[in-house]
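For reference, the structures are reproduced in the following blocks.
Each of the two complexes below includes chain A, the first together with chain B, the second together with chain C.
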Partner chain A sequence: MSLEEPRPPTESDVGVTAEGDLDYDELADLLGDHVVDREQHVNAEGFVIRPDEVEAVLSTLRDEAGFDHCSCVTAQEYQDRYESIYHLKKYDDPTQELSVVVPTPRDNPVSQSGAGVFDTAEWHEREAYDLVGVEYEDHPDLRRILLPETWQGHPLSLDYNQDQPQIVPLREHANPMEKRTKVPDDPDTMFVNIGPHHPATHGVLHVKTTLDGEQIADIDPDIGYLHRCEEQMCQQGTYRHQIMPYPDRWDYISAGLLNEWAYARAAEDLADIDVPEYAQVIRTMSAEFSRIAAHLLAVATFALDIYGDFTAIFMYGIRDREVIQNILEDLTGQRLMFNYFRLGGVAWDLPEPREEFFEQIRDFLDEWPERLEEYHNLLTSNELFQLRVVDTGVLPPEEAKSYGATGPVARGSGIDYDLRRDDPYGYYDELEWDVITDDGCDNFSRAVVRLKEMEQSARIIEQCVDLLEDWPEDEREIQSNVPRTLRPDPDKEIYRAVEGAKGELGIYIRSDGTDKPARFKIRSPCFCNLQTLPVMAEGEYVPDMIAALGSLDIVLGEVDR
Partner chain B sequence: MTLPEAIAGVLPIGGVAGEIVAAVIGAAIIGTIMLTNTAVAGPWAKRKITAAFTDRIAVNRVGPFGLLIIVADAVRLLSKELIVPEGVDRPAWDLAPMVLASSALLGFAVIPMGSIFGVNMQLADPETGLAFVFAIASVASLGLVMAGYASNNKYSFLGGLRAVAQNLAYEIPLVLTGLSVVIFAGTLQTSEIVAAQSETLVSLGGLAIPSWFAFVNPFAFVLFVLANLAEVGRNPFDIPEAPTEIVAGYQTEYSSVYFVLIYLGEFVHIFLGGAIIATIFLGGPAGPVLPGFIWFLIKIWAVFLFTQWARSAVPRVRIDQLIEIGWKGMLVLAFANLVLTAVIVGVIA
Partner chain C sequence: MLGVLKSMATTMKHALDGNTFTVEYPEEEPEVSPRFRGVHKFSQERCIWCRQCEKVCPNDTIQIVTDDQRNGEQYNLHIGQCIYCRLCEEVCPVDAIILTQNFEFVADTKDEFAYNMEELKNVPWYKDIDPLESREPDRGAWIGEGEGEVDYQ
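This part shows the complex of A and B:
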């Protein structure tokens, strides 16, 4: 992927009108006979194609129509068929979306793999195979990803028996190392399991590492240790109330409100629910607090990886995050699992007395530039730190795009992509702020991007506070009218994303007329970002691999869901 | 008069037996003093210092200022199960912690610690004192290799390899810089080196600046302090342990008493590093008003504080960068310093 030329600008893309909108008819013409049928999804049109033409369609769309971002692959089972949906977008304009729908028969669910076109599809298809049971032909490495290799059946398929005990006979895996690991022929290399219990993996991540001396010859991240069936749990909850607490538990490092917004946005667009402006401002403000808290912890733990476990920076990060948590606690009543957003608004208004609450925020904002300066002094201005992280863990932009990297990881590779600006929601497009990018592509740029983004978030918060302070008392509407039991029309499909702390957090929902989703799929930014680790780490030293992992800022709760 | 000689003088036993008993008593006194320092440093002072750097309070519940945490921790650590992993290479695996702890303690035998209550706190004063200290401090490397190789653990193995590479890269500049002091003082005997620093260098408005080698040759002092950080394995050179990379390096498989011994060895080693710095650069136990022994303690604690400061504030460099700094930077500078010192001393004297 890395060898291809940078694609031409959007104007020359096929299927874009002069106004910059997508012309689906022209796209269908481009694909010609490949398109068997066309579906209407809420966010985009879906082109139905034959299962043996996936690679041809995806590469045409990428090379000629400019769809360079394979955001997500959703697999699901219907009564009569399996279906894989490739949600395509453009990094230049994520509002230009297209879904490629690949139905496969129930008795032979085999579809061509898209991993040859988009590297990111490799893990997405492995997950689809693992949970739903669709098989992908020509996939480079089709095996289970979240569940253990010995698992019987596919939990999200319709005929899966949940009461069936999972017997994992150890004799089948008598020598697990021999079976699971490509033991290299080269006798000079050494295999090391980094994780699942290791001080630097930020959770239960298992990195199968082959070392050549101190250098990484080959690594293979092994995930799934924290898989909690979040998608299935959401499918068993009602739209109105029972799903909202779950998003807090995906990226649980303070980013709860950003995750809640992902679900709120998808469900509100699915069921046509309006959100009052006042609630949008509160959402924007509180979400940015979440972002600062999440980035603080990202930078602090990154310092932990570089400096060692007695660094002052980590405790400074925790100290400042504490201030934010106090503010969010006053607002939401909770410090970690906020559950504050509701469909159509937020749970309650700002705490009384409002002046005191605003003063608390102002105090934080007043001190914030000084605090950031301190982090820059300790981190980015430190020459030893630069010695360690500049030009290590390099992720070239083409690779980043092919792996579907988003958030600070993509912006650290110079990709100007931020859904808050490019696909506006909430109150962001009314406010003054900048998208931060850095062309360094290395561990250093990712840290710098996070530090600068915290500055921008503070700008957003300040403007929100100004707005909220002057909001007329009789217009403080926090919640629109939403039916007590929400039943979206049957067979509506939507894929919507927000800019989470780690990147594009997307949710696909298919409704079937009941009060629970028929399919609930989470596009986790950490899941996609983690796939880039081999690109960054192979050939580097062990400490640089650890640094790259730290700079990716993964939260295993979100990777494994 | 050294400490054993002083003790032998008051003992009722005479002759060789008296000397032996006196030597054992003297060693026990010095050993106990250093171990007490370590006990204060490990469970208590280190926590308090790190907490001060990171805006926290740390231990404050057990006893006054949390001091009884030393007792609590000792009981806790000693009562833990000693886990012996399968496939470790005994007895090398058992010997490593002892080598680590004892080698560091042995070094104090020739350090002049000044006098208190009229007693000179120095165990022995051989003519080759400084060479002995450097030699004995290097034995710790052997312990690291034994621990890393015998543990039958890949992280330990990596840690052991790193330890060897690091010690090779830093011991030579360390010794060479120490050698420049020897050229100045014209002796390897530690007490003589201290004596050579007692003259006044310059007088600034009635304040006499002593001719400590740190003032005479600040360049060598900085070089030595940096190399010492690598020698004792603290940031930015804590690479053999590097908890976020290779779990705990050579000490990964040690628990309970062995873990305590390794930790003890590390802390005593830091103090020994401080003692060497104090002896050859900071005038040994010299200082105004307070007894010399107190000054000596203050100086080694200052070095300890410095290592903890580095730990809180400085990133860890990568192993290849460390080797590069060691062989291409420090070694060259150390040789330059040595040659320059030799020329200056040769011209002046």
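This part shows the complex of A and C:
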């Protein structure tokens, strides 16, 4: 597989040794006096900097050290301070990580915004402001993002009173119809609400659109309708048992096992838990089933957006997904909310009789190439489809990187980035498969990438089944020894990501010595990918915006968490 | 144009091949996997009132009331609030709480889903499937045991 190929040389960047590892001392020299202190996180080193030097530090790191991927921004409150952490990576090699830690005093939590360097920081910082209460100076548009504008207090701050009623003053109930179509200062345009209750928005997404004739002059996705503060739920659950059922509910469209893996990977690395090889193979196989199911639904609903035909392709997609769900039901006991992974392994071995189970999978795999060809016939080789999606919703790679796009969205813009290969976990680096990229940068490429990825996933599954069939009976260890109550050492911090169905799904955990995380942050790929919508849609027609939205494949449960 | 024709041919093929994939529920019952997790069944004879299930439940679905001698008085479980994660069954040392494969339940109001001990005992086994056989083959459930015959106390 492509792992064997040498990585593109990143030695030109400052702070990389000849072996391709990061040299943190050199990086610290590069930043000079900006670095106030250095911290050790499990995944990377953290450089503590002053809150008014964020932009300078981030742009130096991006331009001179090659950290072009701002994966996530985590904010949290300590007893004595607020802290924002910028988790930086490289698209060329995501194992080269660096955290930029920005502490701010409790009585004046103001820090400079990083949105001038990384576009993706704009939404991340809005979320940090909304939920934790850190304010970002020079931020282009600092307002709440997940909670309503009228919300009082910041739910993840320490002194937030959960029982405080949220009072909405009368003026908020002004007649919304009055100003509905007027845009201030621009008489030639019209304001239109798209969503939140429209099937084409793939859930409860509200897109505030300003139209100039038929074209989109300005677009602003309004999210948060499905916000459940999953991060807080996880902070209230124990590592060992209570967190695992919830990842299934972030991206609830079949991708549950991939999400569970994100939590499992972060927590296992945090608490030094090994996973038996046999369990890793089962994980890899079942996770790829999840990926196929999720991509199937993405392609099926995309076809629905393009053709508007509810009967054929959508139903074919659902039918094929059903086969996968039956397999996963036999394995995990549930069709969507699997709760199958455990820290240190999986809940159960394959169902008995194993031969029948393998046969079921083989039947699916035998049928699969023909099925995929049908999707290609129905979609990619169909001129009507091409007319609608080729060269619409263009997302240039530089913009994609700046907005932190990952997954099929990034790969459809020609960015060769897949954590399964670049930051290997599970059993992926032992198997033969390819990372799919496409240089088209348009709606068409993103659909093609998904279709081809399903083919690769089937390859992975096939190899896993071969391995599982021949696995010696006395070595079928599904779970390593994990204490009943897990208490990772206090003040350990980790940020780990896996390749979810929609892209890089990252988890940040800080432990405080108890059996529950002190801070649990979810880096949702859909959240970042959705930020690219204005790039793709502005200047286009409304139907092309709908196509672009469909090609992003967002799940609002994961955007809003 | 060729692509459009190919696409239409694909749809026609499926329209005419006469295969149906769907099931006419409720006339015909869908297949349920032996591992499927549905409504709980509780055995008072087995329970040792250790409260582990109550403690592990991620969303406080289980409520146990004991007297000051730690003898069980109530066992309540809200099957409408439950997320069917099966952690309660996983931690129970005596398999007193088990998820059957029953997936059908209806009620007029939400509070009818707050099952008490009696209601939980009366949840039937689904098609006589032993839920533990496929999940924890070395444990085996009490599907064969008559109600009330076993006394573990």
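We take it that the second predicted complex is superposed on the first by the 538 of 561 C-alpha atoms of A that agree within 3 Å, B and C clash if a C-alpha of one lies under 4 Å from a C-alpha of the other, contacts with A are read in each partner's own complex, and residues count from 1 in each chain.
By our rule, a residue touches a chain if its C-beta (ideal position, glycine included) is under 8 Å from a C-beta of that chain, and two chains touch if they have at least 3 such contacts.
The shown structure was predicted, so the numbers you read here are calculated from the model rather than taken from an experiment.
Of the two partner chains placed by superposition, A:Y86 touches none, neither chain B nor chain C. Contacts of A:Y129 after superposition: neither chain B nor chain C is touched.
By the touch criterion defined above, A:P245 reaches chain C but does not reach chain B. Residue contacts after overlaying the shared chain place A:F67 against neither chain B nor chain C.
In the superposition on chain A, A:L304 makes contact with chain B only, while chain C stays out of contact range. In the superposition on chain A, contact is made by A:A312 with both chain B and chain C. Applying the stated contact rule after C-alpha superposition, one finds that A:N382 touches each of chain B and chain C. In the superposed model, A:D544 makes contact with chain B only, not with chain C. Touching of chain A by both chain B and chain C, each in its own complex, is seen for residues 312, 316, 319, 378, 382, 384-385. Touching chain C in their complex are the following residues of chain A: 237, 241-246, 312, 316, 319, 322, 326, 329-334, 337, 339, 347-348, 351-352, 374, 377-379, 381-386. The residues of chain C lying in touch with chain A in their complex are 1, 3-4, 6-7, 9-11, 14, 21, 31, 33-37, 56, 58, 83-87, 90-91, 134-137. Considering their complex, residues 190, 192, 198-200, 214, 304-312, 314-316, 319, 378, 382, 384-385, 387-388, 541-544, 546 of chain A touch chain B. Against chain A, in their complex, chain B makes its touches with residues 50, 53-56, 154-155, 158, 235-236, 238, 242-247, 308, 311-321.
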